[in-house]
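In what comes next, chain A is part of two complexes: it sits with chain B in the first one and with chain C in the second one.
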Partner chain A sequence: MSLIALIFISLIGSLVAHRVALYAGKAGPWLVALLPAFLFFSFLGHAGAIGTGEVIFERIDWVPSLGIGLGVRLDGFSLLFTLLITGIGTLVTLYAGAYFAEYPAKKRAMFLFFIILFMSAMLGTVLADDLIMMFVFWEMTSVTSFMLIGFEATKPEARKAALQSLLVTAGGGLSLFAGILLIGMTLGTFSLSEVALRADELVASPYLAAIIVLILGGAFTKSAQFPFHFWLPNAMAAPTPASAYLHSATMVKLGVYLLARFDSIFASVPAFGLTLVAFGSATMLIAAFLALRAIGYKGVLAQSTVASLGILVMLIGLDGYVASVATVGFILTHALYKAALFFCAGTAIHATGITRLRGLGGLARFLPFTAAAAALASLSMAGLPPFIGFISKEYLFEAQLESSMNWIPVLVAVLVNAVMVAVAGAVSLKPFFFNRERIESVKHGETLGLLVGPLILATLGTLFGIAPWLVAQSLVQPAASALYGSPIDVSFSLWHGLTPMLALSALVVALGTAIVVYWDRLHIALRRMRWPDRLLGDKGYHAVFDGVIGAANGSTRFFQNGDQRRYTLIVAIATIALIGWAYFRSGGNFAILATGGPILIAPTALLILAVAGAVAAARTQSLITAVVAVGIVGYVSALLFLMNGAPDLALTQFSVETLVVVVIMAVLVRLPTYAPSTRTAGERRIDIGVSAAFALLVFVGLATMTAEPLDMRLTEFFSQRSLTEAYGHNVVNVVIVDFRALDTLGEIAVVGFATLAVWGLLRRRRPANATLARKG
Partner chain B sequence: MSSIIFSAMARLFFWAMLAVSIFILYRGHDEPGGGFVGGLVAACSVAILALADGVPSARGMIRVHPVILVGIGLVLAIVSGLPGLVLDASFLTHQWLEFPNGFKLGTTMIFDLGVYLVVFGGFLSLVFRLYEEVS
Partner chain C sequence: MNLVYAAALAALMGCGLYMLLSRQVVRIILGIALISAAVNFVIFFAGRIGASVPPLIIEGETALGPDTANPLPQALVLTAIVIGFSLVAFAAALALKTYRETGTLDTRELGDAEALGSPYTKEASSK
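Our next item is the complex of A and B:
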């Protein structure tokens, strides 16, 4: 089936899923899970062709005038992601059904709707070949993530975490968008595959540095890299099924996906890889450190996820084809074991109501299958043979040793992986097997829905380790080839012989075992420290956030202080400054057209009348007199329009003047007839100065503009075409309703929305208040 | 402001101005006029009524909520662009029907009617709200 059709099926399917989950009762989640399962097998059907190196392209025009289309591409790398997204999506749907079993059907349906919608967004992002399309789906994942983190909307910390993740990831998305636009400006295309072909042109562009920084901004925020590493642990406020899906297995890997896509494009820029290695290593270290300090079960897992993302970013930064294999292998491995561990954590937390890791113990008695799945998954995470985690860790070290980087990344990787081994022990052995005295009973046991996900994932992690040929040629090799840019041979196998990598693995396991034995002591010692909270938390985010709010409050208090005169003054000064600046920038020419003809009596008389009206309006203390005087100025302009052959303008001006008087009268009825002058002498002087400056500017502008020879091209064009093409004699009207109809539509839409605002703002106060006001 | 003379004259003016506003709207394509001016005149006609008899009686006279008028106007303007989208693949490219006797009917008329209703409803909401506060 067409790939674009699959995306649309998924999008529409989210709505269907909502209805099904709402009305199908207990069977609902199982029926909903058919959709991701169907998509999984549809994509799996392409695996054979993709395995031979084929790439599938499809394209439908979307905005042809801007060169934007729904362009999709399926190669080995996107196939890996689509399979992870739909496969884990199926399991998450089943798990969520069981997890929310006691919730009202309405809430459960809502959750499944967001999960399927999120899945569609993910599919769109990883399949997109058109960068604009990718950006749209990219931001859609941020928005659905916001909805899912804040799903328990009654909890303040969930709302806060949701907002934080949205501001960070959607803000990063805007940075990505700017980068995409710069690429489009440079190359004139938004197609990722064409950009890859013309990489040398992009690298030669003067915008290269800006493009790289902007794209890194998008990727680092999404994948929680330092200094944006803080949002992911906070996002654990989401329900666990969402955490397993979005914040470990799929969405947070989008940043990695993006970097991987651009890695071959920027291959010739050494700084690109170096930056990735530096930021990846920093993230790994910080997250590993924070994992030891984390209190919550999910918090520990979240920090280890951040560390894993750091490993992936670092791997992409490394050169050599082994790095590509290692990246692909680790993406697959991490998705399998981390989602399984999140499922197990969710079941444990759900069954006990305890979220602290150190409050849990001996759960294997009550949740035997969950404990088994957690054990298998954590062995894979620890990188022990014969699990797939072992293979991918061997590749990680091999990639580092093979690359041209020095020994620092190796050291970082050894330390971080040792912590990963310790985390693996801490999140499976301790809560499930040790400390039996901590938990006496659980609220409920395991159900089928809670078990399917973790058991399948943990089994696959073991199976792929024992029988790596199952995925080596069909999945890892095509993905790594797509990533590397040319076909590579992958010997994805368990035993590599006695290599330096094996020695490093042994060192990691030894260190990790030591850490897990002293976990509690280490944890307590690290909790006593205060500086990590200050330096590594989200203090920076809060400073920026509060700063923006503070600046907004301050400027609102200054500009919107409630005094109409201040508003008018600010608008007038701003207008004068802007026009004056433009006038002097363009040379500051002044010209006046001396016609030398006789003075025309009628216009002169009218103008004198207008001046008299203006002077009267400025001098009078009576508001009614002021309205009438301003009206005189308006009518005079209308008469001048009429005399100079613009009857349409004149007619409109007359009507507007009349209506303005009618409307202002309604306001005036409620005001005192005479307004005592509250302006001080100083304020009046400022008023006079601003008015004079404004008048001078308008005079200079009008005189200079009319001194220029009039460009008649537009006038001629419209006069010639208005009857032949638009069948109208009245050129003004034809321009409004036909030639520039879109402008007019925009304008009347503005009028419409302004009307709605006025209707709401001027709502009559409540009767109670009104009586109070009258009495007062 | 209850004055029998004003009230009686306002009724007359209301109908006269409403008729004139529709005439202005209709002739707009070939002579000075159009939806914007037409809408302004129509708003004036109801404003006079509201001034003379109060907002409730003016509301009763036009029956439709002014905000709804705005909505209908916007929808008409958008709808008038759809035939162009279908026939010419270009939104708001107006289409014309020509009759053998030279009479022409175009989607511009629908668009201009939309402008008329938006301006009419928009000013009317302003007038109603402000006069309601007074009475």
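Our next item is the complex of A and C:
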């Protein structure tokens, strides 16, 4: 079936799944799981062709004008991801059905809807060949992750963690988007495969550094790399099925996926690999350290996930084909054991109601199959033979020893893997097999739905370890070849002989065993330290978050302080600044010309009278005087209209001015007529300054305006058409009632509405204080 | 003469803005009235002042004579005057209503909206 069709089936399927889960009762999750299972086998059907090195391309236009399409590509590497996404998706659906068995059907259906929707988004992201399409699905995973972390929406910490993860991952998504746009600008294409073909052009681009930093921003936030490592442990507020799916097996690996896709493109930029090794190693160390300090069962697992993601980022940074094999092998291994461990942790927490790792013990009595699955998965995690974890760790060390990097990454890897061994012991041995006295009884036992997921995953981890040929040629080899860029031969096998890698593995196991023996003592000692909380937690995030809120708060308080004068002042100053800046930018072309002929005595005298009136209005404290003074200005302008050939204007102005005086006087009769100044002396000085600056700008503007030539085309038009077309001698009237008839209609409407509003405002209602009564 | 007009109009605008910046509602309304009178004259002035013959087409002619005033700004200002009047009248009625309801015309005391409280303090109290 077409790949695009599969994505659409998945998207539409999420809606169907919601309905099915809502109405099908207990069978609901099993029916819903058919969808991811169907997708899993559909993708598996492509495995044969992909295994021979084939790459499937499909494309339909989406926004052809921008060169954006739904372009999808299935190669070995994306096949690995699609199989993990749909395979684990099937198991998560079953597990979630059992996990939420006691919840209302509505809530369970909502959870399954988000899970399937998330799965669709993941499929879209890893199948996308078009970078814009990839970005859309990428952000969709962030949003569904937000919904799932905050699924227990009544808990404040869940809401907080959801918001945190959204801000970090969606913010990083925007960084990725900027990088994608720069790539599109540089190469004129958004197709990932075409970008890969023209990598040398991209590397020669002046935007190269910006592109790399922006893409790293997207990848590091999604995959919780230092300094964004803090959000993933907090995201454990999500229900455990979501944690198992999103925050260990699939979504957090998207950053790794992205880096792997761009690794071959930036292969000729040494700084790219070096940055990945540096940040990956730092993340590994920090997360391993924090894993020893973590209290919660899921918290320990989350920190070890961050460390694993660090390992993957470091592996991508290493050169050589072994690194590609190691990357692919570890992605597969980690997804198998970590999802299984999360399932086991979820069952343990759900059955006891205890989330602290040190509160659990002896659970094998009550949850025997879960304990078995946890044991198998953690043996794989510890990297012991004959589990697949052993093989992938051998490859990890081989990749490091083969690469051109120095010994520091090897040292980091040994330390971190030792902690992983210890974590594996701490999360399976201790809660399930030791400390039997801690737990006396559990709320419920195992159900089929709770067991299917962990048992299948743990068994596969063992099976692939014993019989690596099952996946070596069909899955690992094509994926590693796609990653490396050219076909490579993979001898993915359990026994490599007596190699330096084997010695390192032995060292790791020995160290890890020592740590697990002293786990409690080490844990307590590390908990006593205060500095890790300050330095390695999410203090930086909170500082940024509170800073933004504080800045918004402060600016709102400054600009919107409730004082009318402040608002007017801000608008006035902004206007003055903008116009002043525009004058300045125009090059100061102040062609001020006294072209208006000689100074005439009568108009000048009238203007002086008007200015005197305005100044009096501004200065007086008596409102009656102010009204009269403003009236003088109106009458002067009416007289000036009359003197300059505008009798219509003069007539209107006279009557309007009279009306204004009448209306305001009528209002003032009911108001105090004496209004003392409402501004302090300092405020008045500021206002005088601002008003003077405004007046100066107006003067400069008017003086320059008169020096410009006048465009008379419209005047000519009205002059010639008024009589011939509208049969009117008075051109002004013709313009008003004929040429601009609609404007005039609008004007009449405004007057009408104003009249209605005034009437409504001033009408005395019979129950005079109805509003007051309601307020009281 | 243009510079005299420009200076006088600038002075009117400055006085209008100064009144607009007051906290007394009636004074703000008078500032608006002052500014709208000045702006109307600015539009008129933009069509150039000089000819004093009204823009009427003389009997027997089909177009305006060469010395008539520019009719275009006059048509614009005519609308503006009426709209400005409506605005001032409405604002005055609103001021009267405000005074009847609250007993004050000082914008500092007209804080009903602010009295609802800040969204930030509400957020803080629920934390």
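List of remarks:
As a working rule, the second predicted complex is superposed on the first by the 566 of 776 C-alpha atoms of A that agree within 3 Å, B and C clash if a C-alpha of one lies under 4 Å from a C-alpha of the other, contacts with A are read in each partner's own complex, and residues count from 1 in each chain.
As a working rule, a contact is a pair of C-beta atoms (placed from the backbone, for glycine too) under 8 Å apart; a residue touches a chain by one contact, two chains touch by 3 or more.
These figures come from a predicted structure and were not determined experimentally.
By the touch criterion defined above, A:A726 lies against chain B but remains apart from chain C after alignment on the C-alpha atoms of chain A.
Of the two partner chains placed by the overlay, only chain C lies in contact with A:L607; chain B stays clear of it. In the superposed pair of complexes, A:F641 makes contact with chain C only, with no contact to chain B.
A simple residue count on chain A separates chain B from chain C, and the partner touching more is C. By the document's definition of touching, neither partner reaches A:A196: not chain B, not chain C.
Once chain A of one complex is fitted onto chain A of the other, the partner contacts of A:T652 extend to both chain B and chain C.
Look at A:L745: by the touch rule set out above, it reaches chain B but stays clear of chain C. In the superposition on chain A, contact of A:V690 is made with chain C only, not with chain B.
Contacts of A:L623 after superposition on the shared chain: chain C is touched, whereas chain B is not.
647-648, 652, 656, 659, 663, 667, 670, 729-730, 732, 736, 744, 751, 754-755, 758, 762 are the residues of chain A that lie in the contact sets of both chain B and chain C, per the superposition on chain A. Against chain A, in their complex, chain C makes its touches with residues 1-24, 26-30, 33-34, 37-38, 40-42, 44-59, 61-64, 68-72, 74-75, 77-79, 81-90, 92-97, 99-101, 105-108, 111, 113-114, 120. For chain A in complex with chain B, the residues that touch the partner chain are 647-648, 651-652, 655-656, 658-659, 662-663, 665-667, 669-670, 726-730, 732-734, 736-738, 741-742, 744-745, 748-749, 751-752, 754-756, 758-759, 762-764. Of all residues in chain B, only 24, 28-37, 40-41, 43-44, 47-48, 51, 66-67, 70-71, 73-74, 77-78, 81, 91-92, 94, 96, 104, 106, 108, 111-112, 114-115, 118-119, 121-123, 125-127, 129-134 touch chain A in the complex they form. The touching residues of chain A, when paired with chain C in their complex, are 553, 556, 562-565, 568-569, 572, 592-600, 603-604, 607-608, 610-611, 614-615, 617-618, 623, 626-627, 630, 633-634, 637, 640-641, 643-649, 652-653, 656, 659-660, 663-664, 667-668, 670-672, 675, 677-679, 687-688, 690-692, 694-696, 698-699, 702-703, 705-706, 710, 712, 714-715, 718-720, 722-724, 729-732, 735-736, 740, 743-744, 747, 750-751, 754-755, 757-758, 761-762, 771-772.
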